[in-house]
Structure formats: C-alpha cells, structure tokens
Amino acid sequence: MINIIVAGPRGKMGYEAIKMINKEENFRLVACLDRKNNGKTLKEVDGLPDLDVPIYENAEECFQAVDSADVLVELTIPEVGYLHTKTAIQHNIRPVVGTTGFNSEQLEELDELLTSKNIGGIIAPNFAIGAVLMMKFSQMAAKYLPDVEIIEKHHDNKLDAPSGTAVKTAEMIRETREPKSQGHPNETETITGARGAELDGMRIHSLRLPGLVAHQEVIFGGPGQTLSIKHDSLNRASFMDGVRFSIERVFEIDGLVYGLEQLL
Amino acid sequence: MINIIVAGPRGKMGYEAIKMINKEENFRLVACLDRKNNGKTLKEVDGLPDLDVPIYENAEECFQAVDSADVLVELTIPEVGYLHTKTAIQHNIRPVVGTTGFNSEQLEELDELLTSKNIGGIIAPNFAIGAVLMMKFSQMAAKYLPDVEIIEKHHDNKLDAPSGTAVKTAEMIRETREPKSQGHPNETETITGARGAELDGMRIHSLRLPGLVAHQEVIFGGPGQTLSIKHDSLNRASFMDGVRFSIERVFEIDGLVYGLEQLL
Amino acid sequence: MINIIVAGPRGKMGYEAIKMINKEENFRLVACLDRKNNGKTLKEVDGLPDLDVPIYENAEECFQAVDSADVLVELTIPEVGYLHTKTAIQHNIRPVVGTTGFNSEQLEELDELLTSKNIGGIIAPNFAIGAVLMMKFSQMAAKYLPDVEIIEKHHDNKLDAPSGTAVKTAEMIRETREPKSQGHPNETETITGARGAELDGMRIHSLRLPGLVAHQEVIFGGPGQTLSIKHDSLNRASFMDGVRFSIERVFEIDGLVYGLEQLL
Amino acid sequence: MINIIVAGPRGKMGYEAIKMINKEENFRLVACLDRKNNGKTLKEVDGLPDLDVPIYENAEECFQAVDSADVLVELTIPEVGYLHTKTAIQHNIRPVVGTTGFNSEQLEELDELLTSKNIGGIIAPNFAIGAVLMMKFSQMAAKYLPDVEIIEKHHDNKLDAPSGTAVKTAEMIRETREPKSQGHPNETETITGARGAELDGMRIHSLRLPGLVAHQEVIFGGPGQTLSIKHDSLNRASFMDGVRFSIERVFEIDGLVYGLEQLL
C-alpha cells in the first residue's frame, strides 16, 4: 500500500488525482495540502469528494502529523510547489510533481537533496503518457525519416499558435534529425502562410475549430511511405495514467527525473 | 455501343483513357487524334497500347473519315483542344473535355453550337469523382457548419501552395458559407504562418513530404462535433471513373455543362 | 423573437437545450414541462440554470397559461412525449421532437393534425447535424463509388456492435448503391471476423477503446482514389446545432418532417 | 565507397535497389547475380537500367571475379538465396538479405559463419523502415496503454485477412502487453464479425477497397486519450530506405541480425 498526500485538491488536476488514487487498490490518500480549509476533511469542503481525509495548510505541519506518507503528489503552482516539494523530501517523502516553472537552480537543489536522502523524485511538465510517447517516438523516427511536418488541432478558444506541445515536439525531433531543408527548393506560397510555421526546416500547422479539444499528428515522409504518430486528448483524465505510473515508478529511481519520457 | 475518339493518346491521361475504354464492354475506341503519327495505328507507335486503331492529325479529316463516332474525349492542350471540340460538335460528336483554359467567350460559343445541334457536351477541370464530391459536400456542409479549415498534402516536388484544388474548394465553400471570422479574436502566432493561409476567414494548410501523392481533408467544426471530408488520390486512374461517367451522361444533357459537380 | 417551451429540463439534452436557447438572441425560453416541480421556476430547482422561467407538470395547463409559445422542444420519453406533442399542436405550437419511439400510427396522426392546423413539426432521431450530413453524403457518394466500408469507434462501455448509426448509414447507402459483392471473390479470413460485419456486401468494423467517445468514418474506394467522410462527436453539445436549426426551420414547413436529413 | 552486388536484378525489388544504389554517391554497383543472362551487362538486357555492369549466374564465380565487393544485396527466393548468402560470407562479403523463408538451422549456420569471419549480416523480412518503426513503437506503447486495436487497409485484390503485418504487429505487442480482455465484458455483436478478429484480446480489422494500397493504423486507448501509429505504403520505393540503411549499418555489426527492428 502506498500512502499519498495530494497538494492542490481543489484544482482540476488535483480533483482527478484524488478520484484516481481512491480507485486504485494499492493507493491510499492520507492527507491533502491546500491553501485554505486547514483542519477540515475533504468531505466538509464543497465540491470535493466525500472522503474522510484531513486537510492541512502548512506543509511542515502536515508531513509531521501524517508520518506514514510515502509520496507527495504536488499539483499547485510553482511559488508554493517548490516549498512543498523541498519540505516533503526533508521528511523522506518522494515527490511526484506536475507543477512546472521551477528554475534550474531549484531543480539542482532538489536533485541534491533527493540524492542525499537516497530517494527518488519526478517532475513532469506533461503527465499524458500518450503525448509523451508521441514526442519520444517522433524523436526516434526522425533519425530515419528526416522529412517531417506537424499538425496540431485545438478548440478555437486557444490563443497561441503553434501549441507548446508542437514546439516541444519539434525541439525534441531537432536533437536527432539531421538538419535539412524540406519541400521543393523553389516552392512558393500563393497565399501567405500556406506552408505553416517553420522551425529548423520542419513545418507546423495549427488548426482552431469548435468541436476540437487537443490533438496532434506528427507525419514523417520517405520515398513511397509515410509514418504518422497521433495523440488525441479529450480531458484531464488523460493525465492520470501518467500520475499513477509516476507514483509507482518513483520508488525505483534515485535523485530527480525531469520529464516522463526519461522513464518510458 | 458508344464509339469514341480520343485526342491526346500519348499523354498520361490519354493513355489511361484508352486503357479504360478498351476494358468497358459498351465503349469502342474508333480513332485517335494526335499531333503526329498521321496514318499509323496505335500499335505502330512506341509506348502506345497494342490496338489496331487509326491515328489522325487533322480533326476535320478524322471526323469525316470516322463517321460512326459518338463522343470525342479531348485530353490535349487549350490551343488545339478548342478547335478539336468545336469541329467535333459540327460533326454532331459530343465532346467530353478534360482540357482546361478555354476563355468565357469560347465556352459561350461552344454552348450555343451544342444547343443549335441539340446535343450535349461536358468540360471538366477535374475528372476525379471523389475530389468533385469532396468539394460539393464541403459546399453543402458549410451552410450548417461555417467554421472550416482545409489541409492539403502533396509530394514535395509540388511548387505552389496552396494547391489549386484547395483554393477551388474554399471558393466553392464561400458561395454557401455565411462570412465569419474564425478562431479566437485575440489569437496570435508565436511562429509566423502557424495558422496557415487565409481565404475569407477560412484557413488552408499545405504539407509537402516525400511519400505523399495528392490528398485533401476539409474539416468542419461545431460545438461538440467535427465533420471531415477527405479525398486521397493515388494516380491518374482516379480520373477514369469521371471520364467514363461523363461519356455515359453526355447523352442525357443539352448544351454545355461545365464541371462534373453539376452532374453529380 | 421565437418563444419556446422545453419539455424535459432535467435531462442532459434538456439542460443543454436551455443553455443554447438562453444564448441565442432570437430565442426566448418561456416555460418548461417537467414530470415534477410544478409551480416552481427553474432557478428554484437544484441543478437547473438560474432562470426565472416557470415549470408546469401538465401540458394542457402549460400551453393555456403560456399562450405566447411558438415552439415546443420535446426531449423526454415516448410515453409522455407523444401526449406533449399532440397537445402542443392542438394549441398551434410547432413541435421539435428529439424523443424517438413513436409508432407509425402515431406519426401519421401527428402529421394529419399538423396539416389540419397548417403548421409544421419536426421529429429527429439524431440532432447532430454533422452525423446527419455524414449519412446523407454517404448516400450520395455511393451512387458513384459503390465500394464502401464503415469504421465506427466508441468508448469501451458500449454494449452493442455495430452502432445504430453505422447500421442506419449502411441502410441509407443501400438505397442508392447498386448491389455488388466487395473484396476479392476468393478472400479468406485466417482469423474469424477480420473482414468485419457484413450488410448487403458492405463491411462494418467496430472499435471499442477507452479514450474514444463516438466516431464514425465511411470510406469509399475507386480506382486510384478513396473518399472518406468522418464524424467525431465529443458530447451532447453536438446536438444543439440541430435543435437550433430545427427551431428555425419548423416555421417554413407544413406537416410532419421525420429526420433532419430531409431538411439539409 | 561501398561496392555492391545485387542478386535478383529483374525482380521488382531488385530493380528498385539498382536505381537506389545508382543514385547514392557512396554506393557503387559492381555486379549482379541473375538466374540467366550470364556474361551480359545490365544494359544489354531488356527492361533493365542502362548500366555497364556485368551479370553472373554462378555465385562462386561472381564473387571470385569481382573481388572488390563489400556487400551482397540478396533479393531472390529462399532456394537460391541461401546459397548466395553463404557463398558471399565465405568471400568476406556482408549479406543484406530481403529473401525470407530461411529455416532456423540455416539462420544459425549463417550466424556462425559470419561470426567466424568477424563480419556482420542482416536479414530483414520487411525493409520498409516506416512499417518496422510502427511495429516497434506499438510494442513500446503497449506497456503503458494495453488497450489496443489494429486497422489494416489494403487493395481489394488481397486474398488473406488479416494481413501478415497486422498479425506480426499483434504478436510483437503481445510480448510487452499485460494480457487483458478488452471492451465491455457483456458486449454483443448484432451482426457477426463487427468487433473484428481477436488475437489475445486485441482486435484486428481488415478493410479491402479499390484505391487503397497498404496501410495500417495501431490505436491505443486510455482514459481521456488515444495514441495512434499509422503507416501508409505506396509502392516498393518504401523498401529502399531500409535497404540503404542496412547497407550502411552492416559494417557496424558482428554476426547475424534478424529484423530491422533490432537496429532501429
């Protein structure tokens, strides 16, 4: 049985995490860290699951009170997330962190602290295993099929194009792909933008339509064949496979692992 | 039995047309019009099918000699195609024309000539029935789902982007779609071109990769749903369904029909 | 301004309909018909939108009290839906009905009643315009490309395969498609079921996976080309485009129209 | 510069291989092994490329005469392929073999012979790098997303269903996927075959249509997400990337490698 504390129970990710932990036979939720509601239990707070689990506002106090905890699932914001994570390690509690935005000094410090305690910790900017596999496979495929374009599709409320995942994918591909210019050297756009955004010779195309959620396809072409790797995400439930996987794997590692792709 | 003359037997389209006509039970190839090889038969010319069919260089002479002809399948270039077509009508031979580039005066003149002869003629810029259906369905769908983007994918030897078919599709959609701006009003491109080419608020994305041939997908989005219409073309055989269909349908119409979509 | 009564406000469809009507400038929700909550307003009932709209349990009473109503949106169950619909027509209120399961006698009676009142009514088993267009386009395409297979994908809690929509699509295609046997005459399955379900020579394939919602693709093949028509449905919001469209179109028709495809 | 001998120059694969070798700057075709045409050059044989490269019928004789050869690309049939391969190794020529059908004793013998000569050899049942990557990625993904279905699509002249590649993919997935039953435990087929072929709980669906060539999609589902890996093959050119890759990599290995996936 793995005893787990969730930080950020009122966020969308935290809420899904609590539901997931509650369903898993080998997981037990032993406490929550919240910005408010100190001293209450989950079931006493509107909108939270009907569970008899205590809430703490102070990390130090929480980890002292709940001394059986094995893992902290940290899903808040960088400002408090860093303190939560550091304090957890000091109490020999392994951190599984979805909060992004720690700087490199902080990452180094956490790694050293984990190493000195002989335990592992995981920080993952993206917990959707499918998305992480898509990026990893794309990176592998680009070694053999260097001609590649990315199509990403999102709902039409998204403000930025291309998506962060598309740019991240292209950057990961760049590490293995031999640089080359794609398309015909004399190709021309009769309407500007037709050939999409360019990143190191690769092309990224961003669609925005109602009825879409979050989708990405990476297409590789070679003589006589194409290979496509596609991820479709419906909702935040897609992150929970990665959170569960991290809770289990964090016991098998030493020090800090950054990015789920390092573990797959 | 429909007796057919093919103009342009040495072109790729002409070659496919001859093969198709030869396979159909109700079609008979009676002659070919070519820029050279006058007086020979097909089988006497290198690279042409092994058929005992006479070749003529002069249209007038051909139509006089082969007075059983019902249909001219015209697959050359506009310069000679116009004369072939006009001469055919004067001999009461129905034209099925894949040659594009006639001007509006010429189209009008051909229409009048056909009407005066009480016969029909078809000019089709695109004989691929699947592509024409894709455009027609897109035009119909845009009435109900006005948010639409187009992805077209071609081999990386193609010079222009977007493709002619993509632009034609957007123009056909424009006729039925209520004008609207798509995407979030404040959306921004962090890399130029990500949101593709813009045509009247619609977005067109052009991919160019080895291993692709000619593909287009039109995607409509509405709350909670998307509708996609996709055409994949492998080779020129895709045009032959449309040529055969036109040969059969040209007997049922009067005057000139421009575009296969008028008949589907 | 169109004044609307919604029957079934506590159902998922009813709830979405109320939200949609509330957003549309030309629509006004004037009352709801519910199995309970008589005399309350929507905002007084837990889980319903915060609107000051009266609820009635009895249809006759409702239509007499709210004499400005133009349209009844009926989203309950066949047992009460039939009475609601009939009573509405008697009060010159046009019905837009998502309830399915009326028998042919009932449909005939409703049609006669509408005709005698010189008003229109719409019954639609499927309000998702995208799905209805997919079926209609498939029916049209099968005339020219008779080789067709259907892939439908649903979440893995679905019990029956193939889906009702897939069977309906095949039946609609059958009306226009010239009967033919597909595939190679000597094809064999080395593992039973590989070639899918057979309906009149067409093949239907049913996928069931977590992470899917409701998806269908109809694929037509001809020499050198394929045409695919695909519908992806995320949630019940997809029905609201069809409900809105029906509310507007019901004023332009006489008698009963069964199926949205008759109006597209 | 790598000097290469091609066995099977008149086959479709051999023909493509010769064209590819001729284009590559670092490759040189030095001879061909053929069942006939001994003593001629390629350009003297109808239908072969216009190259001044000698043809031999006997392997021993060929390898003695052309002592500069580095690699044998063997693309014939198992009966003669085995002798070609073995003889090549005896002459310190590295074999790259597309011929399948060697038995396990033969494979073992070739491996020992290669090892004793301190050189490498590659036997690849499938040279299409995209297809091999698809299978390899599917095997990796199944560890994390065990719910999986396969759709394979081929032209309607194909006799067997499912395809060999689909079965091979499922077998490779089986090695990493924790066994589980998929779909709803109470699901039922209202038309037999809807849920496809079953292999160890996974489902395989085979489509056969004109206009298709060779396509396969492997779809993984998890809560809130799906991951799809798709390969589309147009023609035999798709194998040449793998042949070229093997010619280059065979210098870096010792002994026999069976399957391109071992090298990617």
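By written order: A, B, C and D. Residues from 1 in each chain.
To be clear about the criterion, contacts are C-beta pairs under 8 Å (C-beta built on N, C-alpha and C of every residue); 3 or more make two chains touch, one makes a residue touch a chain.
Since the structure is predicted, the reported quantities are computational estimates derived from the model, not experimental observations.
Interface comparison, A-B versus B-C: the pair with the greater number of contacting C-beta pairs is A-B.
With centres computed as the average of Cα coordinates, no chain lies farther from subunit B than A.
Subunit B and subunit D have CA centres that are 38 Å apart. Distance between subunit A and subunit B, defined via averaged C-alpha coordinates, is recorded as 49 Å. If you average the CA atoms of subunit B and of subunit C, the two centres end up 37 Å from each other. Touching two or more other chains at once are residues 211, 220, 222-226, 232, 234, 238 of subunit B.
Residues 211, 213, 232, 234, 238 of subunit B are the ones that touch subunit D when the two sit in their complex. Residues of subunit A touching subunit B in their complex: 147-149, 151, 153, 156-162, 167, 182-184, 186-199, 203-212, 219-226. Residue ranges on subunit A touching subunit D, taken from their complex, read 128-131, 133-134, 137, 140-141, 143-145, 220, 222-241, 245, 264.
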